[in-house]
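Two complexes, one shared chain (subunit A), two partners (subunit B, subunit C).
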Partner chain A sequence: MKKKGQTGEGELPLPISSKAKNRTFSRLQGRLAPYAFLAPALIVVTLFFFIPLVMVFILSFTNLDMTNFGILEWWRPANWSLDNYVKIFTNRFFPKILGNTLIYVALTLAFFNVGMALVIALITTHINRQAGFAFRALWLLPRITPVVVYIMMWKALSGPAPMGIINNFLGVLGIGRGEYLLNTHPWVFVILVNGFIGASFGMILFSSAIEAIPKDYTTASKVDGATTWQTIRYVILPMIKWPLLFVTTYQTLSLLTSFEQIMLLTDGGPRLYQTEVWALTAYHRALTSYFGNTQWGYGSAWAVALVVIGIIMAIIYLRVFKFGELVEEPKIDRL
Partner chain B sequence: MKKLRAKSGIMVVALAVGLLLVGGAVSYTQETETITVTVRCRAKPPMENWRGDNFLLATEELNADLKAAGDPRRVEIELIQDNMDWGPYLSEFVLGFGAGEAPDIWLTGHEYIGAQAEAGRIIALDEMLKEFPTFNLIIDGLWDSTTYKGKIWGIPQDAEARPLYFNKALLKKLGWSDAEIAALPGKIEKGEFTLYDMLETAKEAVARGIVELGNGFWTRPKNGPDFTAFYYAFGGETIDPATGKLVFDTAAGLKYYQFFYDAAQTYGSMGCLGLGWGEAWHPGVSGSKVLFWIGGTWQWAEWAEIYLKDLGGEAYMWENFGFGLIPAAEKGDKPNSLTHPLAYLISSQCKYPDLALALIAKVSNYGPNTRHAIASTHLGILKGQTEYKFYKVSRLLSETLYMLDYTTFLPNNPYWGPYSTITYEALAAAVGGEFTPEEAVDFVVDGLQRELGDKVIIR
Partner chain C sequence: MKIAFKHLSKYFGKVKAVDNLNLEVGDGEFVALLGPSGCGKTTILLMIAGIYKPTKGLIYFDQRVVNNVLPKDRKIGMVFQSYALYPHMAVFDNIAYPLKLKKVHRKETKERVQRVADMMGIGELLDRKPAQLSGGQQQRVALARALIKEPEILLLDEPLSNLDARLRIMMRSELKRLQKDLGITTVFVTHDQLEALTMADRVAVVNLGCFQQFSTPDELYNHPKNLFVAGFIGSPPINFINVSLEKSDGRFLLKSRDLEIPLPKELGSKAGNNSTSSEVVLGIRPEHILINEKEGIDTEIYVVEPLGREILVSAKLGDSMIKVLTSPPFKANMGDRVRLSFNLDKIMLFDKKTEKSLLLDKD
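== the complex of A and B ==
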């Protein structure tokens, strides 16, 4: 009795066995193929994100710094403690840095990254299409300008009279004393500089979302006698709730972790910690100091705490905007 | 036939010459070994470029020495020189060392020696120094700055004074006569013009609108060595000679913070902290907007070369700027200054430290060191350098030389970094009015004890 798949004498054994092998191979191939496609991304993410993340997390429990680098065995749990976190929350300047971060995120978000972005999107979608497009393209300039060049421009703009353009305008209006505005009003510039870049992101998303709203809705509202404001408030805004949630959440997290513009512009000054935000503190503690006493462990703790804050804020946003309802299947599809 | 013979003769000769050349080249490469010595320097271009460029000139001389001595090694230089901030500059060395790529010769501030010696990243040079008598030329006192735990770890490269500069034109507006202005450095040296006398003058200049509020007296805009000189002026100590530990003296600290608190809150001064060097600080002091300021002798060259070239450079500066020591805190006390020698250190990853040291010996001689001193207005480091023909041409170097008699140093301690950060933060907070002087001292004591524990002595 032959078992299924076995071959008798004189028959060629290869084809059936080969078929079986092929089947197994193709099944295996089918299973592995997605992983093979994912592998490059997975390797990159693991090497440059996951492993550093774990290392930063571990480092945040150590006192690794420039003086004990190469001496301290930071990977040994015996050298881990919560001291860095205690130091953060008992730091005399902690309330100031936290306050700065909240002010920076809230004002930039409200006035520019969401507020200004929405205003520009609404205006440019309600005017001549080509003019709107050109105007939006102009607003993209800060984003596509290399950040160092962009900051150098702002530094020049805010320069003392007669070189600083802003001071020249203020002089004509009889305002100000021609001083270096970055030193006298650093916060205004920190928010403007970041906001001008940040607004373009929301502007693009909101514009496309508004343009995607079927014209019937706005036409119907006009026929019903709605004013422009009423159309925006009761038709457009509810229909772009999803991009609003996305931009608000994404930009909050982005602002929380961004510091490069502030670093180049004021480096947290001009007065002690005057414009220092959380992410900049993490950078300063971990990677800079005049005499080189960079505290990698302590700086990592600041960074890890910021990640935790970011996650908490993201969860809050998802709850407030009722994310679950937004991603629900349309009720019509369930019927 | 004759033609053929002549042709083959030429060919034989050509072949012989070719073989000789190839053979010679092969034998040369077999006999000599080219060694690349990496030199890492921090230098503000163009004034301080000789710090590294001198090595390029020294190479040829060293190779000639090696050849004469029958040493098969030959040296070539890989020079990396830029104006990076000190913090990242140090990080670069430490991380480079971790990756096995530390430079062979590393020029840095002497205060980093403690930490690098403890970590084993640099080598002690005591024994090797004896083989290069050139080093006997270096002023004895400067070796203190490169000595840590009884051993020498670096070769002093330059020194400087950090004078109190004053603007003569602004003092004249205040009613000072030429004779009074000329006498000021002498009065400071004798302890007759104190730090608070300076603040009183600054206050008057602000009150009369000669300078803007905040511009009576300026220090550097960010943390750095200068502040320690003021702490010393009020009787502070930074190091305990018996144990080598860092020291913070609370009584001196209180006076020190009181001075800066008063300067900002009462005397219309210290509007400088947080300013950008290039955007506001240098234009401020060189642009005659500030009455008194603490700077370095090396900045003299910077102002002349970069900021005041159009107005006449040094000639304009001699006309308008004066300088003296940092005044004493109390009448009759000794004024001071602070020098922060840079030093060439040799990495423990250097495979040929003898060659590295030989190169350093070449650049530590009158010619190369004077080139750097003149171009960058740093003080010389060699005995008798003031008599050297080409050194004497610099009026500034000659006129500031006496300041070395009053000079102080930063401590060579591995934990100077955190100490300095904490004490500076307290100062900036006192200047900003966020801390009273007492709160500043409490902040420092608390911070030092938390960060450094028993590595610091609080008195």
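== the complex of A and C ==
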């Protein structure tokens, strides 16, 4: 056995200069290797994430749009101003859009992405294992269905009387009048459509977290005199605090920035700005316009403002859930 | 409170974890369930706790059948092998948890927690989290949590196995004393015979989901009902020698290639009456064999292990090894030839086929 560092010294005497060169090379190699491994990811992240981010940020201070594209030197600080932000907050529909966003995020999050996810996770971990697993697998279907197909199905479901399935049921119950439900109750569908997909994320995380809780804790709780509900409230929920924080934070941010389902479903309608949320506004302002004049700068400003809101929300969550305590290390066991 | 099982069985699919058990635990009695890992001890405990429902049979608390009573209505305190202290709650909240569930008033809760914590000697630790406690302290917290609701039955699942040796010996005597002081009917699961024999009033030896024997530690050690109990209880373990039971001139003899032991009359006729064939297993505990130079079975010393208070001698008899406990001083060395004589009052005989003792009166 050769000892470390003796490689090549005993049996292969090299000229001094070549040995030194070899050493420099291997040292250089050691330094560069980590960067070489990082490079592919770094390039992708820089090109497709970091640079666009900076560009959007800068664009939000300019009035770049279809008409002055190629003329406006948007990268010059002389062309930057806060006009776009003033325009956002003085917009006649700003309160409506803000309200829509809050309703959309809060209701979808509370009823589905966290609420329904938690309920499904708790139920499917308390019943027969296979049945629970099968149910969770079924609930994943909306997520793996192409979004356009998924939305088409919802549109068909909510269709007017003879065709729409929901209307058929409502008709039997005598409460439906056979209208196109997307026009009469757009918000219900916006939240349902997003919630059915969104709940599966939390459902998977919560149920694996619940299953990871050692059986002794729930048994102990039952012997201590707890009902199932009390065991959930005092033992299971505190023990899945970490995934709860993660799902709440992560889903708030992804709901804030999501708009594709709403765009396909109602496109912010049916009435003026009725279901238009913040992210959809950013998209509409920046990339669509009836007259072909897309306002990239103004749209960017909407997007940047949304990022700021997201960061503030995340910080609030970390405070509310006492993130510091969650990651506190246990004291070393002492006899 | 008395506990009784009537034909109790628990199956998991096709696996018979517990099979047709009958048992009665008296009021205030300290009973140990002793057996190797996976023998169904914990399943029995969880059935008493109400976590598992029996597949067949009945569980009685006093005169009442409790098969369908929920765990929370059973007045049971339980200590787990892992202690199962809720990691997110401080010691105070852990102990107070059963009271919180019953919505006991704050002030009363405080008093009772302090009282039971002082009794367990952990009154100073109430604001700590379980992760900040040592194993011994955690165990006391677990006990305090089990005792605070003044249970009528206390269940202990391997309560000492996570403690280090010194602490274990200390907690052994402490638990025994505590149980007697409080007078709570206690069922206690262990795989450690020393724990079972030292602490319990009566020990139920469990194997393969069945009771092998349920009696006092003394009975278990001196009059085991079958081969399993004889082999499981005792350290160093009992010696088993395959012999044949033969009759000549009206007397019974134990015979094998290497030895021949004439049995006393009473012993011989009892064994002769009970045996189904001549194939018999002779059991003799290491401390019931005498080593001397003059008379007995000729053997060769294989190894000598001094244990301080005693000396463990292994001697070769044919193909088998006989363990002998003798008191110091012991002069002979490895390879020396010595003679062994068995204390005939203490020998045990088992039927090789049925594995049952031949010396006990038939049930």
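Rule of thumb we're sticking to: the second predicted complex is superposed on the first by the 315 of 335 C-alpha atoms of A that agree within 3 Å, B and C clash if a C-alpha of one lies under 4 Å from a C-alpha of the other, contacts with A are read in each partner's own complex, and residues count from 1 in each chain.
The working rule: a residue touches a chain if its C-beta (ideal position, glycine included) is under 8 Å from a C-beta of that chain, and two chains touch if they have at least 3 such contacts.
Here the structure is a predicted model, which is why all the values come from computation and not from measurement.
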Joint occupancy of subunit A by subunit B and subunit C, clash or fit: fit
Partner contacting more residues of subunit A (subunit B vs subunit C): B
Arrangement angle, subunit B at one end, subunit C at the other, subunit A at the vertex (C-alpha, nearest 10°): 150
Touching partner for A:269 - first (subunit B), second (subunit C), both, neither: first
Contacts of A:308 with subunit B and subunit C, given as first, second, both or neither: neither
First, second, both or neither for A:238, with subunit B first and subunit C second: second
Subunit B versus subunit C as contact partner of A:223, first or second or both or neither: second
Partner chain(s) touched by A:41 [first = subunit B, second = subunit C, both, neither]: neither
First, second, both or neither for A:214, with subunit B first and subunit C second: second
Minimum C-alpha separation between subunit B and subunit C after superposing on chain A, in Å: 52
Residues on subunit A lying within both footprints (that of subunit B and that of subunit C): none
Subunit A partner contacts - residues on subunit B that touch it in the complex: 85-91, 94, 97-98, 111-112, 115, 118-121, 222-224, 273-276, 279-280, 414-418, 420-421, 424-425, 428-429, 432, 434, 443, 450
Residues of subunit A touching subunit B in the complex: 66-71, 87, 92-93, 155, 159-160, 180, 182-183, 266, 269-272, 274, 287-295
Touching residues on subunit A, where the partner in the complex is subunit C: 214, 216-217, 219-227, 230, 234-235, 238-239, 241, 330-331, 333-335
Complex interface listing, subunit C residues touching subunit A: 46, 49-51, 71-72, 76-78, 80-82, 84, 86-89, 97-98, 100-102, 129, 131-136, 145, 149, 155, 164, 167
